[in-house]
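There are two complexes below, and they share subunit A, which is joined by subunit B in the first and by subunit C in the second.
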Partner chain A sequence: MLVMDMLDEIKDKNRKQLEERLTQKGGYIIDEDGIKLDGDYFKKQVRIALKNCDIIDPTNIEEYIAMDGYFSLKNILNNMSQQEVIDIMKQSGLRGRGGAGFPTGRKWETALQYSSDKKYVICNADEGDPGAFMDRSILEKDPHSVLEAMAIAGFAIGSDQGFIYVRAEYPVAVKRLKAAIAQAKEYGVLGENIFGTNFNFDIELRLGAGAFVCGEGTALIESIEGKRGMPRTKIYRTAHRGLWQKPTIINNVETLANIPVIFQKGVDWFTKIGTEKSPGTKVFALVGKIETAGLVEVPMGMPLHEIIYDIGGGVPDGKSFKAVQTGGPSGGCIPENLLDTPVDFESLAKIGSIMGSGGMVVMDNTDCMVDIAKFFLDFTVDESCGKCVPCREGTKRMLELLEKITSGNGKKEDIDTMERLAVTISSASLCGLGQTAANPVVSTLRYFRDEYEAHVMDKKCPAGSCQSLLQYFITDKCIGCTKCAKVCPVHCISGKVKQLHVIDQDICIKCGACQETCPVNAITRS
Partner chain B sequence: MEFVFDRENNKEGIEDLEIFIEDNKDKLGALMPIMQKTQEIFGYLPLEMLQLISRRTGTPLSEIYGVATFYSQFSFIPIGEYKVSVCLGTACYVKGAQGILEEIEKELDIKHGGTTPDLKFSIIEARCLGDCGLAPVFTINDDVYPHVKKEDIKEILAKYR
Partner chain C sequence: MINMVIDGKKVKVSRDSTVLEAAKQVGIDIPALCYDKNLEIVAACRLCVVEIDGKNKLETSCSTKVREGMNVNTHSEKIDTVRKDVLQLLLDSHPNDCLTCQKAGECLLQKYAYEYDVNFVKHDGAMRPHLVDTSSPYILKDDSKCILCGKCVRTCSEVAERQVLAFADRGYDTRIVLDADQTLETSSCVSCNRCVTVCPVGALIDKRTLGKVRSWEGEKQVVKCKSCQYGCNFEVIKNRGKNIAVKAMEPTEGRPLCLRGRLTTEFINVDKPEKPFRKIDGKFEETSWTKALGLEEVMEKMELLKEDE
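And now, the complex of A and B:
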């Protein structure tokens, strides 16, 4: 078991070794401010939640300690009361990074107020937003930061049991967490009588099984209880009656990773970063049509263009920027003229998107906005749990309309119908999944209405992405090699050897096979 | 797809499962971990084992069935030796994942959600594997294939045939 004073000893010893190893490896800045990753990609980044990622060896608890790990927990257990911990959380203004941005301190305070024989701390590691992977990185590269934060939360609300709900798609994260929990117990920073005090805290892992909706707090609780992961009707807050009807707090992985650092460096330091209403940083998964894809952690309030161009290097392959999608299936597409929008909870909501968990998918001029809306609706229809009608039926009708439009059968009134449907689904659904399901449609209609209209009125897809609306033509570059006619699955290409071939537009299924085979690029599509 | 659950061949697995159920059945919320263990041992959820779980835990089979059908990771049919998970998350989608999936379906001559008759390959549609920086991505068991192109697929699959 670890006694208090050994923490300093472990830190000193390992810090030196760590610094030596990193100096040898290269690519790091090591100075009095700490250890940081070097390079252009990291210059504008401020790393709090990711501060140890790609620096420490995540399988070795001593390296986490070398980066001041578990000192916050030690200090709290020794010197602070539960209320003091919660006060600091409230003063820090930390807001949930899982999507909703709810103030963490307030959530904890509610859970503290209800007395109960048992309380629970849950870490939401379900990371469902397709296109976001920051939680995965933290779990795999810095698992102890999550464990330490959960223990702090446990102390603050008076809980001795934590659960981490990890999605099944992250087997490495599961392995790392299992190892980290075992190590933490061995070192006496988890388990019974932590740091020799009378505080006990244990953490159990629970695996998801492939249901996006289980990222929603109450659905996640149902799932841990061993049921179908369907959201509850919110009569009680989970901080009042959550897991097995006991007071429960649920926090996201990235939210938790911030907490030990806040206690280490103090509220003043933390609130100086970011904006007044959204202090601190946010990690974004900058992906899609972007030169340098990856995780970027920046102070809240940084304008979108700075993230996309200055850090990400803009759109590659000589294509032009069209939109950036934030917030996943609950978010929206932001057009170029709004790229000076600062990223914080309020600003993104104002322009019809959301912060969400931090997915940031860049799209270029070859991406069709109607098709993207369809992609997200398809996702929502798949993932809707089916408990409430507006979400279960409404999203299906919406998807049908989008399919109609992208296949060239849309009518003008379909757009109006979608707008009406959106209002109903958003206002009448039971949980956040349904309440935000229409966002991808509403935001693309708001900023890219002309694209919808082109599909409906002119039966054209301006981005050239919706297959049914394309037409393939053979130009007079054709050398009559007959390759295209041979590969065509529906035999709609005719022509004699060494003569110009022709595509019968009525039969063509627009598979593009001919274009791929043509040796002289004689086939165009529009 | 035709298959039978062979009790003889799975004797050890059944014993392991029985021990796991015994150790866990009194814990709160044990059903999912027990089902996950079942799938881990047999590769899918054999009806015979669900009946066993029902008897041992006192959970009605209907309830177990309800849970099994809710989560996409549970399967009632055997999964192939090689699980090909094609990511159709947002990042991969905008980078052409749909085409990759179609190519794999063509190559293996099965649709996603299916298993080849020789029980070698299964195709699974994934919603983000958490490798979005490497999009488009697919995995075969633990091997990750980043930045894949349609042309590469034949060659990649050949390694596992």
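And now, the complex of A and C:
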């Protein structure tokens, strides 16, 4: 078992080896500031939550220690009281990175105030937003940062039991976490009498079975209790009565990964990064129509265009930027004229989107915004737990309306119906999933209303993406080679050899096979 | 007691009540479909939303505890719009069957639709599939009428050895199932009728009352079941001078309701009771009253003693 002063020994020994290995491998900047990834993509990034990712060997606890790991926990157990830990968390201003942005310190303080024979610390690793994978990266590449933070949280609120609720679709993360927990116990930084003190803290894994809604705190708790994953109504706060009705705190993976660093480098250092109301950094999963996709960790308050153009390299293939969707299925689409918006909790909410867990999907001019809204709503309809009426029934009806519109059967009043439904779904749903389910529709209606109107009024999809609204025509460039007629799966093209062919619009399924096969580009799409 | 204001009226209500209960104490009925004073609060139907001073969002009154000085409005344009929309969403998935539905007159969805002037609207969207479980002689389960309030699931799970009903699937496809998707006949359901008594709509119906009388017809008299010490309440329904059926009333704490009690009450009170059924190895079989009430040995012994006399 590890005693306090052995930590320095391990660090010194392994730091040297680690630096040697990385120097040999190349692609790193190693100086008195620490070890960083080298390259243009990382220049503008500030990595706190991801600081060890792609640097240390995640299966080796000693490399985590080499990067100052477990020093925060050691220092806290040695020198600090519970209230002091919480005061530092509050001063740091750290806010939940899972989406809602609730101040972590306040959450902890509430849980500390309630006395109970048992308290729980839960790590929410049920990352489910389409396109978001920052939690997965942290769990797979730096699992000990989460374990250390959970132990700190456990000490702060007076808990001896933690759970990591991780989705079963992350097998590598599960494997790494299991190995990390075993190692941490072996080294005595988890388990009983941590660092030889009388503080005990154990962590167990619970695997999610694939329901998006289980990322919602109370549904997650129900799931850990072995019940169906449906959100609870909050008569009492989770910090008062949570898991098995005991005081419980739930923190997201990225939030936790920030915590050991805050204690190591201090509140002053942390609050200098980011904005006043949203200190620190946020990791975004920059994906979609972007030159360089990947995880970017930037200080809060960085304008969207800096992330998309300076880091991500802008839209590829000569196409033009249309919108960026932040916050996953609960978020909204932001148009080009708002790209100077700084990314922080308040600014994004003001323009009808949310920070969310940090999904950032870039769209270009070939993406139909009505179709995008439909995609996200389809996801929500699929993932609604079915408990409350507005979400279960309302999102379904909204999706039906969007399907109507994108298939060319929309009426003008459908847009009004959607707007009214959106208000009811947002204001009356039980949990965050329902309350934000209408956001993709509301934000696209706000910024791209003309696209909706084109679908409804002119039966046209301006982006040329909604299949049912397309029409294929054969122009007089046709040489009558019959290739298109042969490839058509529904035999709707007729014409004699060496004569102009014609598409029967009533039968055509708009698959585009004819256009692809035509040797003289005689087939047009409108 | 604490002081608060509900709809502009200053009232004193008990300290540990919810806003919905507090309103009820002063004679204000807030509409609610999933609330039941005997069951766990789930806040699923969202009909009971109210406005509370100092809160931006609407709050469900069933799940909000009262506080000293709280100022609550149970009606406003915003609240009524939400309630209308919620009712409309429910009606949009509900069959237009109120003419012949056994629940008509007692149905809460019908009551609130009337109160809020919400009507059936023709649409070509999805409806809940018309799945009707007719396998039991005691209970009729019609999924197409279910509003998924979950009261049946909650009341069934109150009795440890029952816990037959559960939610299955999710989102719009959510439904109530018995065990692992069994029928009333093949499941471990004991036909106690607890679920029937709490169902706010016509999704769970006491089959032995079906087609006999409309809810607003006849006279009702409450009797206590005599088959055990719990003494559950039943309604004896009398029409045109005849006792035609009995109906279990809501179970309260410690009163579990059971089939035997129901049959006993029916046998004693109904003039011409229908044949009883017993579930044997997952099959309902018509049986004699002696067997259904478990009186075989008693009757035999009585015969024997009579001979001795």
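Operating definition for what follows: the second predicted complex is superposed on the first by the 526 of 526 C-alpha atoms of A that agree within 3 Å, B and C clash if a C-alpha of one lies under 4 Å from a C-alpha of the other, contacts with A are read in each partner's own complex, and residues count from 1 in each chain.
Methods note: a residue touches a chain if its C-beta (ideal position, glycine included) is under 8 Å from a C-beta of that chain, and two chains touch if they have at least 3 such contacts.
Predicted model, so just to flag it, every value in this text is computed and none were measured.
Once the two complexes are laid over each other on the shared chain, residue contacts for A:K118 go to neither subunit B nor subunit C.
Using the contact criterion defined above for the overlaid structures, shared-chain residue A:K319 touches neither subunit B nor subunit C, since it reaches no partner. Once chain A of one complex is fitted onto chain A of the other, the partner contacts of A:A211 extend to both subunit B and subunit C. After superposition on the shared chain, subunit A has more residues touched by B, the comparison being subunit B against subunit C. Look at A:R15: by the touch rule set out above, it reaches neither subunit B nor subunit C. By the document's definition of touching, of the two partners only subunit C reaches A:R397; subunit B does not. Taken together, the two complexes place residues 211, 228, 230, 385 of subunit A in contact with subunit B and also with subunit C.
Here subunit B touches subunit A in the complex through residues 28-33, 35-36, 66-67, 70-74, 88-91, 93-95, 126-135, 142, going by the rule given at the top.
The part of subunit C that touches subunit A in the complex is made up of residues 41-47, 49, 57-58, 60, 62-65, 78, 81-82, 85-86, 89-90, 92-93, 125-126, 147-148, 150, 166-167, 169-174. Against subunit B, the residues of subunit A that register as touching in their complex are 127-133, 136, 168-171, 206-212, 223-230, 244, 285, 287-289, 293-295, 325, 328, 359, 361, 363, 367, 372, 375-376, 379, 385. Considering their complex, residues 211, 213, 228, 230, 232-235, 381-390, 392-397, 400, 420-421, 423-424, 427-430 of subunit A touch subunit C.
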